Amino acid sequence: MGRFVVRRLVGMVVVMFAVSVLTFLIFNVIPNGDPADRMAGKNSTPAQIAAIEREWGFDEPLYEQYLTTMEKVASGDLISYANQTNVVEEIKRGLPRTFALAIGAALLWFAMGTALGLYTAVRAGRWTDTLVTVLALIGISMPVFWLGALASYYLGFKAGLFPNGGYSEIGQAGVWEWVKHMILPWAVLATLFIGVYSRVLRANVLDTLNEDYVRTARAKGLTERRVMVHHVLRNSLIPIVTLWGLDFGMVLGGGAILTETVFDLQGVGQYFAESVGQLDVPPVLAVTLFGAFFIVLLNTLVDIAYAALDPRIRLSS
Amino acid sequence: MPGSLRGLICLSLASVAISGLTACGGDDGDADADAEAVSEATNGGRTGGTITTAYTSFPDYLDPALSYTQEGWQSMWTVYTPLLTYKHAEGAEGATVVPGLAEAMPDISHDGRVYKLRLREGLTYSDGTDVKASDFEHTIKRVLNLQSGGSSFYQSIEGAEKYIDDGRAGADISGIETSDETRDITITLTEPDERLPYILAMNFAAVVPGDTPFENQTKNPPPGVGPYKFDNVRINRGYDLVKVPAFDVPDQATGKLDTINVEVVKNRRRQTQDTIQNKIDYMHDPPAPDQLREVRARYTGTRYAEFVTNSTYYYFLNHDVAPFDNAEAREAVNIAIDKRSLARLFGGLLEPGCNFLPPGMKGYEKIEPCPWGDPTAAPDVAKARQLVESSGTAGQAVTVFGNDEPEPKALAEYLSDVLNDIGYKARPRIIEASVYPATIGNHKTRAQAGFANWFQDFPHPGNFMFLVDGDSIQPTNNQNFGNVNDPEINEILDAASRNADIEEVADDYARADRLTVEGAHVAAYGHRELTVFYSDRIDFENCTSWHPVYNLDLTQLCLK
Amino acid sequence: MASGVQPRSHAALPEVGRPAGLALRRLRRNRTALGFGALFVALVALALAAPLWAHIAGTTPSKNHLSDTVVVDGRTEQVVTFDGVPIAPTWQKKFFLGADTNGRDVAVRLLYGARNSLFIGIAAALITTVLAVLLGTLAGYFRGWTDAVISRSLDVLWAFPVLLLGVALGVSLALGGLKVGPLEISGDSKWIPTMIIAVVSVVYLARPIRGQVLSLREKEFVEAARAQGAGPLRIMFGELLPNLVSTILVFFALLVANAILLEAALSFLGAGVQPPEPSWGTMLAEGITLLATSPHLTIVPGLMLVLTVLSLNIFGDGVRDALDPRGKVRPEHG
Amino acid sequence: MSSSHSELLLDVQDLGVSFATPEGIVQAVDAVSLTLHAGEVLAVVGESGSGKSVTAMTLMGLTRSPNARIAGSAKLRDLDLLTAGAAELRAVRGEEIAMIFQDPMTSLNPVHRIGRQIVEQIQAHRDVCGKEARDLVVAQLERVGIPQARERLDAYPHELSGGMRQRVMIALALSCDPSVLIADEPTTALDVTIQAQILEVLSQLRKESNAGIVLVTHDLGVVAEIADRIAVMYAGRIVEQGSAGEIFYDPQHPYTWGLLGSIARVDRPRPRRLPSITGLPPSLLHPPQGCHFRPRCPHAHEACLATPALVARVPGAHDHADRCVMAPGRKAKLRQVGGQIGLEARGAWR
């Protein structure tokens, strides 16, 4: 276990390094306009541009620039090109919103997916099978921003059931306001997954129902409920939980960029969307690193959880 | 980034939005009613209360030395006052430069190089400290040292370039002499600059305390002399403008509201919806395009109004690259574009016109009849095709540049379609808005044609005409995108720029404007309209004051 | 299994070497999958027929009709009103599905957009498949450092937030274009989003392929081929590739579906297909800002996109069921 | 060792089980009648697919499903196991009638500790607290010969050897002292020495608790060790049943001869190859007409086309019944192959 954690930590650092280099190169090797030009503004003179280049180090060799940038990321001094705000602080500001969205949606899709999957597995048959398949696939076939825009406009503005997007701080307007603002984003993001999860769970449950140990459990004289919960569900959930971890990591690590943008939640993802539109390298780099961090972290946690849930798995490699 | 989010960043990033005075001009039948209501606005309405306003984006900076966007300037003008400033008035009157912190207008030496001003007596900043004459030099130093977008305006001051080259923040600028005792300020220029009063009236020169650090102060904006002060700054989220009760400078407006809470709401549709539902009291940008119709229909004259700004929208046509090195080809474009269509692309928030100069500008003389056909009628496309044919440029490939904001993108696609229609092989090319000016302003791009617009930095025709001045062409960061280099225009502009009296040179600028249009140097098509949209708490009739430089005058806003 | 025939025994038939005929028969029994497969074919046919409809409508996908009028039910209507609101669906030849803000015929654009969306979807999926098969096979066959290098690179790609990577690349490349040796792609080429989508999707397929090759290379027939002196190339392409076909088939439809969704997402974030070419993604991104007055601009391309992706997903799912009834779905992110 | 005078625990009459599959109806069990008395070991033998496991599982109510059709009756004392409601069935399962499954590898839930899996059963039927239950489990584990039982409580199934796992399965089945124990191939997955130990455990159990055991197996060696009575199943039907002595020394059905010819006995030199019956068991989807063994039987004739009844044919052994219509005398001659009981593997009559 200890060795496993160390190995994964080292792997994480390596992957993060690669991600940072790659992101940095994307914006520096691919020609996309000189940042100094942009920062200098419309009335700038060549002398001004040169001064900016000097101050920001754009005239240094690429690896120097990379090192300086990474140093600033680490020390929290990274400054945006576009409006000279502190990138790390901006990310910190966006974090609670991104977390609120990701955690809420992930819980929702997990709960709904499990409930629906279990229900359809128990009521297995041609008709429910087709229904769940189609529903699940409709869920993953919709562009999330499309669904979000429709929901926000028709349910939010037109029907007046929900606020017109935005985020409400718990500290300011209370929990209920916060929930009201989050319901639609949660539901929309979760729609992407509920169907898939219910389908995977349904397949797992049907497989598990045929396992010998379920037969054993029945032979023991356990109640059907106990058989379903302690044996069927407990074992069927293992792959779901790991899948959930990976998806949660992905959503946390930037997968919710569209949902955040369409509901104007101003989380980390939306910050990325805005920064990338301005070719503002520092926030793009930092958010990408942030996203990669969560993806790698959740991958590791998933492996640990997998071992915890299934004692047959050992964390040796 | 989705279109709706980008909102009006184009107005702010690409150029500074300052606005026009035709609200009272009444040459637009529809606007008459509003205009009357508005013109008697300024002094009524009750004081006190708190409102919430929505901006689509956080101002670039909350630091007068750096802010160079309309959002920034609008708030800045309530917090800071330069030595000279604009009158809190609507229309042409608002474009008048008047003494601000200075006792009077400057005393200008005979050769036009030395400006003498005196600070008013007993001025204090919002934190209670006294204003000193030397603070002014510090203010200008900050602008130069921080590489502000405005620093180029102040480089005509003697020693300014040396100061930048030195790179030492504390060094002296030889062209600014101040005396804290006599409150005298003397500014010496390297050569006469007829724009200096306007430049001194820009927010960059708004006086801040002499101990303000040489770095971006957005997080904690420096105190100023003005009816409001910044408070509760939440970067990228919002800030409050809180009334300074002690503010009392002769002839300067004091604020009516106690607190103006500025919130950043990135989604323009959300702003509109919230304003309709009275959750937001004033939205700074026009309503979302798809709600404009509803807002117009329901709230015009009670909560909503439109104003033409001092701006110009045009297609640049590159004189250095085929096919638009050919005058006939450029004429064909001017004939073929349908200004009615272009107005539709702005949701009607564009006043079609023939002139390059905006109607609210000194030197504007309506060109009538328009040599390229009536701006409000269908174009003569057949004639344009003929011209292309006779120019011998038919069939040539043209790349039409535009940026990725909704309107400029649609405009580029439109021109591309028109060019295809009259015999070219055109294709739009959409560039990120943030790099758009630098891209088309770089000679290496050889951009043939594309979207361009300009919002004034200050209300002076020279601030528009330099866009077609051959002398302003430069290889990078060029603003004369079409490389217009007409000797006659150059000569007129050169002469006019040496004369500080705007009344005397107005006719010259009118001539340059006419030459620009008749020479088909650009394809100008109109002037942008902006809007105010309120909740029903705001006293629309009495408290809407549309300023030609700063748009809505926040100091005049009040509750019913 | 010592017990007699039980319900489960049917599902537990060995899957390896399931003959293609059986798979086909299973697929033929799956009416839902076949129906949606047919729908996809119909959509492709519609896309191919785009010029035909353009001819009927009397316009082109890029023709602006901003100041034109059209007669609907005997009334003359503005294609785009003075305040910029485009006409809603007229259900007649001209502006069948209404117009967009530039006064362009939405139905015509939709069909031409279908060409671009489908092109990107299919081309990206093909490129992904080629890359993934190549990488997966190399890694799985040679193992050792080849595997290490490829697998670690895939790990990095896996750790990359896909959408962020796609958008960053899209924005960057749209501006500067791409220049790799003799290959030069202009910034507004649709190959740019295609390549981006192809690259970011590689990991989804390369990993399973590698796993499969790892187990296949130990099989007797590979040993036999090796014993007969077959070189690595012969083995990889002659022996292994045919055995990967079912995996590739299963993934292909899903890859196309995913690519179409990713294109829409990139377009929404401003990094997709560049004008004047329409694509469903760009139409959608433009339309969403006009939801209140012109819902057709959002709903029409959106439904088209959902239908296409759904038909691909359901059909692909049916193919997977037919080839491997116990396989599990792995959700892809749109 | 017939126990006709001891208590009748299980009385199965005309049990039929069929399944609807996509290919058609499969008659897995056809008119099976069995009885089991206290302290008795009834062995149900037959090849794979003969329906013996389905029979066993049907008694446990484990084959109930929408596509299964079950006929006949199966009385556990007074309760008909086939028609009992879910609650009634649940009350007797594990308590009155318990089952040992054939594959200890898959029959224990891999994610739960074995102690917990047994406690779970006890607590399903008895109102005991956790500690008490654990003590009971330890006693059970020790009873089936698991050393260091208390430590093993916290082991996961995969941490135990195959033999240990099977002991755990047995302990699990025995934990509530059932009166009927069904052991479905309890030794198949184990090696010979472990097999012997497990059988030892079972026979000891019978002595101690006077339980009745139904031993389902295809291994006649195991049967010879422990069974009191034997039922031979073929293709869903019982083809012969009787006391162990009768079946081993006077088998009446040619299928039984074939089976006996295939015993690998520990006490005899192992033949070079296990004799096997030519041909394959019939498909239960389309069973042959009449005697199910007909297609493989070298002695089949026209009379076998009618479905033979299971009746006692051996004079003086009224509980020895079989389904072969041949006269016992003729059978005695035919089953001698090379001096042993066996089935001549030559061309069969069709």
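Which chain is which? They are A, B, C and D, in the order written, and residues in each are numbered from 1.
Rule of thumb we're sticking to: contacts are C-beta pairs under 8 Å (C-beta built on N, C-alpha and C of every residue); 3 or more make two chains touch, one makes a residue touch a chain.
The structure presented is a predicted model; accordingly, all values stated were derived computationally and were not measured.
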| item | value |
| --- | --- |
| Chain nearest the overall Cα centroid | A |
| Reference subunit A; chain at largest CA-centroid distance | D |
| Where subunit A and subunit C are represented by their mean Cα positions, the distance between them in whole Å | 22 |
| Subunit B and subunit C: spacing of chain centres that average the CA atoms, whole Å | 45 |
| Between subunit A and subunit B, centroid-to-centroid distance (C-alpha), Å | 41 |
| Geometric centre distance via CA averages, subunit D-subunit A, whole Å | 54 |
| Multi-partner residues of subunit B (each touching 2 or more other chains) | 1-2, 269, 404, 432, 435, 439 |
| Per-residue overlap in subunit C, given as positions that touch at least 2 other chains | 171, 175, 268-270, 288, 291-292 |
| Where subunit A touches two or more other chains at once, by residue number | 32-33, 145, 153, 157, 261-262, 273, 276-277, 279 |
| Subunit B contact footprint on subunit C (complex, rising order) | 62-64, 66-67, 80-85, 101-103, 171, 174-175, 187-188, 268-270, 274-276, 285-286, 288-294 |
| Residues of subunit A defined as touching subunit B within the complex | 32-34, 37-49, 51-52, 55, 82-85, 89-90, 93, 145, 153, 156-157, 164-166, 261-262, 264, 266, 270, 273-274, 276-280 |
| Residue numbers on subunit B that touch subunit A, as the complex places them | 1-2, 5-6, 14-15, 58, 60-61, 68, 147, 149-153, 155, 161, 164-165, 167, 216, 218, 235-237, 265-267, 269-270, 273-274, 277, 404, 432-435, 437-439, 476-477, 479 |
| Footprint of subunit A on subunit C - complex, ascending | 8, 11-12, 32, 152, 155-156, 158-165, 167-169, 171-173, 175-178, 257, 261, 264-265, 268-271, 281, 284, 288, 291-292, 298-299, 302, 305-306, 309-310, 313-314, 317, 326, 328-334 |
| Subunit A - residues contacting subunit C, complex | 11, 14-16, 18-19, 22-23, 26-27, 30-33, 130, 133-134, 136-138, 140-146, 149-150, 153, 157, 192-193, 196, 199-200, 203-204, 207, 210, 239, 243, 247, 250, 253-255, 257-258, 261-262, 272-273, 276-277, 279, 284, 287-288, 291-292, 295-296, 299 |
